[in-house]
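After this come two complexes, each holding chain A, first together with chain B and then together with chain C.
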Partner chain A sequence: MDNSVPPPREDKIFLYSLLPFASVIIAALILLGIILLDTSLPALKEYGIGLFMRNVWKPREDGPGEYGLLAPIIGTLETAIIAVIIALPMSLSLLILTEEMMPNKWRDLVSTLIDVMAGLPTILYGLWGIEVLIPFLRDHFMSFLHEKIGFIPLLSCQPLSGSSILAAGMLLSIMIIPFIYVIIRESYSTIPQSLVEAAIAYSSGWRHYVKFKIGLIKPALLGGLLLGFGRAAGETVAVALVIGNSFHLSSCIFAPGYTISSLIANQFANSMYYPLMSSVLFAGGLFLLSTGLALNYAGVKLIRRSRKLCQAV
Partner chain B sequence: MSSSLDHKDLFLKIIVAVLSIVALIPVFSIVYELVIRGLPVITGAGLKFFTKTAPAPGDRLYGIGPALVGTVELALISTAIGIPIAFFTGVLIETFRESRISQIVNIIAKSLMEIPTVLIGMLVYILLVVPTKTFSIISGGIALALVMMPYTLTYIEESLNQVQYKYIEAGYGLGMNKKQVAFKVMVPIAKRGVVVGILIGITKALGETAPLLFTIGAARNTINWNPLEPGDAIPLLIFDYIQSPYDNMKDIAWGSALVLFVLFAILYSSIRLFVKRVRI
Partner chain C sequence: MTSTSLELERALEVKGLNVWLGEKQILHNITFKVNRGEILAIMGPSGSGKSTLLRAISRLLDHRTDARVRGEVLINGINVYTTNPYKARKYIGIVFQNPNPFPHMTIYDNIAVGPKLHKLVRSKTELDNLVRWALKSAMLWDDVKEKLNSYPAELSGGQQQRLCLARALAMRPKLLLLDEPTANIDPVNAKKIENIVKKMSREESVAVVIVTHTPAQAMRISDKVLFLFNGKTIEYGPTQVVASNPDHDLTQSFLRGEI
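Up next, the complex of A and B:
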């Protein structure tokens, strides 16, 4: 093998000539971390950990003001949870449909459609969300649920404009369905032929066969769920258009709310007029970056484990 | 497998089919609404829709000139900056696969892909907009380059990875060094993948909104070709106009959304000419 001999001089020069390009990518992530930390330091010093635990938003031009990111943090978690709860069964259904129920010709058609969904500019989802999904949810879905089962605290408040945690969660679910689908399908298609044959031989019917195969990619399902959660938590403009942008903390999903990224999108331009507000928003960004990286790390690890499980057999 | 007429099997199949149809309805609805609401706006305004500057609130139904120019400029700038970096980094990861640096770069690139793009906007704001004291198209272009890089890189790297080892071995057998193997063997064999990677990057950059929020300045009263000055972009215009209380602004947002969709469709179809599966 070539690799065992010491690299000749030319190869070293080649590596060094490629390094400047790669270092841009490394520098981007490191700079992002440093700048977010540096710019959020004033807010972290002023408010301490309370910045992430309190719900208050009182900007002042002549003083530090009072800020707490609890409402947007909860809003981020709530919308992302709603999104994955809806998206996971949907993408799993699409997986079973395309992989186990369709002839090749149809399957290609549906996969193409899903690829289009995945690539569609997010602003188009936002536009559709505010103009089509919200009126639909408000008139046909929310008021119905509220009237029939409004005793459940989650559904207890009167739906007003339609802009709400629920609308954001549903729009996000639509956006991450193709994303999760692609991840789990990739693992599904790497199930080795020997296992597929075993599944055919030992299952007593189609249902058992499918269940067995899905069981084999369980870690990838969890990984796709985490990566989908991360995607949903970081989405900005589409959410900013449908969530209603309110700091009011409510247990009801028909009420408007905020997420960290939609807060940044809405307030960043004004934040220059208030001494600590931009620093607070950067702290929100730091929160997004660290949760995003953690989710990504865990998700990728799970998906790898799923592949290994299959290959080990 | 036993008979598929089993009742429980059928029940599961029905659930799967229904959920799948529900999952696919939005994409049909989006395309339908884009055409129904966007097309009349564009046909009504004619060429003026694309060439004029922003209208006054409540006034006319056309004028996305600055946004169209800005989007073209942004695509050019982000491609010019992002593609070379993505390409050569992809070559590095693939040719020096066993080295530590290659693994680190690979992990960082993959993480960069999952970072909310609004953070990229904040980064470029601090690094470029604050020091130069002005919003500019070039700042937006750099932000978009950072967004597109990991996508293009990943695609190029994966297609280089699929080059069969016997060709690479043959290259070394002929006495080639790594540079020659990379550019005379691997890249030529994987050139379709490289082109697709570039197109995917452009498609990704074209539709992004969040990195532009704090970088290009949403200047839409003059058509401006100077990338050092503030400008506009189609996604940003849609985001601003659809939140306006004026009907004419909302209509223009729908017209612009159709324009964006058509641009997306053109890029998407040209990618399909090269490969069957497109992952953006």
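Up next, the complex of A and C:
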């Protein structure tokens, strides 16, 4: 805070004794950036920007081999976009249901359950994805859509095993719905009473009233989606279980794919046998770090702006 | 009984209104009437239930799960508690104690949104005219005519409160509910708001209920006063009569500024 009062002199010692703890965590972030940059430098030097623009994966034990991360990058974006598109209406519906329609007792129960969901180990979702989601999607959803409206490029390929971009996106959406819900609920439930009353007073119906309030937290909603996107892009193990792990580059979401995180998890153990592979994987990590930082920064800013907006009155 | 013309005359009628918040009874058996073009001041010390009364009239208490209301509130002869509350509020303009313009909407939209949602206008031109009229009526037009597309955060507190008044007026309300509208703004803006309210009631025949905790304001602008103490009506009558010859000791001490 800019207007915080400086502590009296005798408390300064205490203050300084806390500093190492704060600096360790900041230093960790800076070091992380430096190390990622340093380790990915050989790959960046060898392949240049093409590392992120080409789709090729030809490791060689006796030479640099050929690498390009385009397929995992596209896969990361595709799965995260699918996840956010599904999560937006779902988390909004949940929000309206719990905040505006449920009696207090039920609201607390459901809200708490969702809070708990947001913190579960993600591998559990992955197991569920393999056991339930993939067979279901394959047998009842993908083939049906492919037969009926397969002329749309997104749905144009024959679904095979069920492991696919779509499966990963859907699984991710289930993981980020609680996350986004918690963020927007925080903003929604702290809309000042005076604005809530104004919204009631000038709405012509309950639906308008809810729309009013959602309009008020729009920046936070957008911020929540960005943070959700960042989280979806970084999720690793569960995705690795259901995405099919293939460098296949396709516009079809029924096809298997890769994401940067699942690529790193899958290939890291092998990478010591190939000269440049680990550097390539670190470059993937660098990509994740920079996009993650940008997305999270924007998301957090937007959520703050939403809070400020409501406090202005 | 009452003829049709009388009913039209009567903008607001409250009969035997009781309100509980949780276990506590906030209002006891409140009864009063406000005709078109009349200003009723509800006065009383803080905690006497004035704001709750306004919220009960406009059914803003619906959103409090612990609130219970018994009694009748008739606006334009329609019982608010047996109709769709959103439809009932179509005839009401409300101004709250703290300026609360919608921060995510432009100055123009703040005023236009109510009439638009309630379908009070048929064309863009009509809406533009209504917005201009409301801003002029709230003596805000000259301040904001150049920045209708700016956000209310750019306005001062007093201007924001007049924006809220304009927002209420744009609904062309039959009944204007004001909850201590001048309590948190400077004297110049407060004076302006009092004048606007008086003008609206005189020229547009709007019925006004204004909550105030300053007897002076009640004396300045109202035709009738209702003095509330601990949720009970202590005194209710024409302002002149109550001011010059109060029935009750409590009223006297309130007017003298002792409670």
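Methods note: the second predicted complex is superposed on the first by the 303 of 313 C-alpha atoms of A that agree within 3 Å, B and C clash if a C-alpha of one lies under 4 Å from a C-alpha of the other, contacts with A are read in each partner's own complex, and residues count from 1 in each chain.
The criterion applied here is as follows: a residue touches a chain if its C-beta (ideal position, glycine included) is under 8 Å from a C-beta of that chain, and two chains touch if they have at least 3 such contacts.
Because the structure is a prediction, the values reported are computed rather than measured.
By the document's definition of touching, of the two partners only chain B reaches A:288; chain C does not. Residue contacts after overlaying the shared chain place A:36 against chain B, while chain C stays out of touching range. In the superposition on chain A, contact is made by A:203 with both chain B and chain C.
Between chain B and chain C, B contacts the larger number of chain A residues.
Touch criterion met: A:18 reaches chain B, while chain C stays clear of it. On chain A, the patch touched by chain B and the patch touched by chain C overlap at residues 200, 203-206, 209. Contact residues on chain A toward chain C in their complex (touch as defined above): 103-104, 192, 194-206, 208-209, 212, 215-216, 218, 309-310, 312-313. Note for the complex: chain B touches chain A at residues 1-4, 6, 8-9, 12-13, 15-17, 19-20, 22-24, 26-27, 29-30, 33-34, 37, 84-85, 87-89, 91-93, 95-96, 98-99, 101, 104-105, 108-112, 114-120, 122-123, 125-127, 146, 149-150, 153, 172, 177-179, 182, 203-204, 206-210, 213-214, 235, 238-239, 242-243, 250, 253-254, 257, 260-261, 264, 268, 272, 276-280. The part of chain C that touches chain A in the complex is made up of residues 55, 58, 60, 63, 65, 84, 86-87, 89-90, 92, 94, 96-105, 113-114, 117-119, 152-153, 160, 164, 167, 171. Those residues of chain A whose C-beta lies close enough to touch chain B in the complex are 2-3, 7-8, 10-11, 14-15, 18-19, 21-22, 24-26, 28-29, 31-32, 35-36, 39, 89-91, 93-94, 96-97, 101, 108, 110-128, 130-133, 174, 177, 182, 200, 203-207, 209-210, 227, 230-231, 233-237, 240-241, 261, 264-265, 268-269, 281-282, 285, 288-289, 292-293, 295-297, 300.
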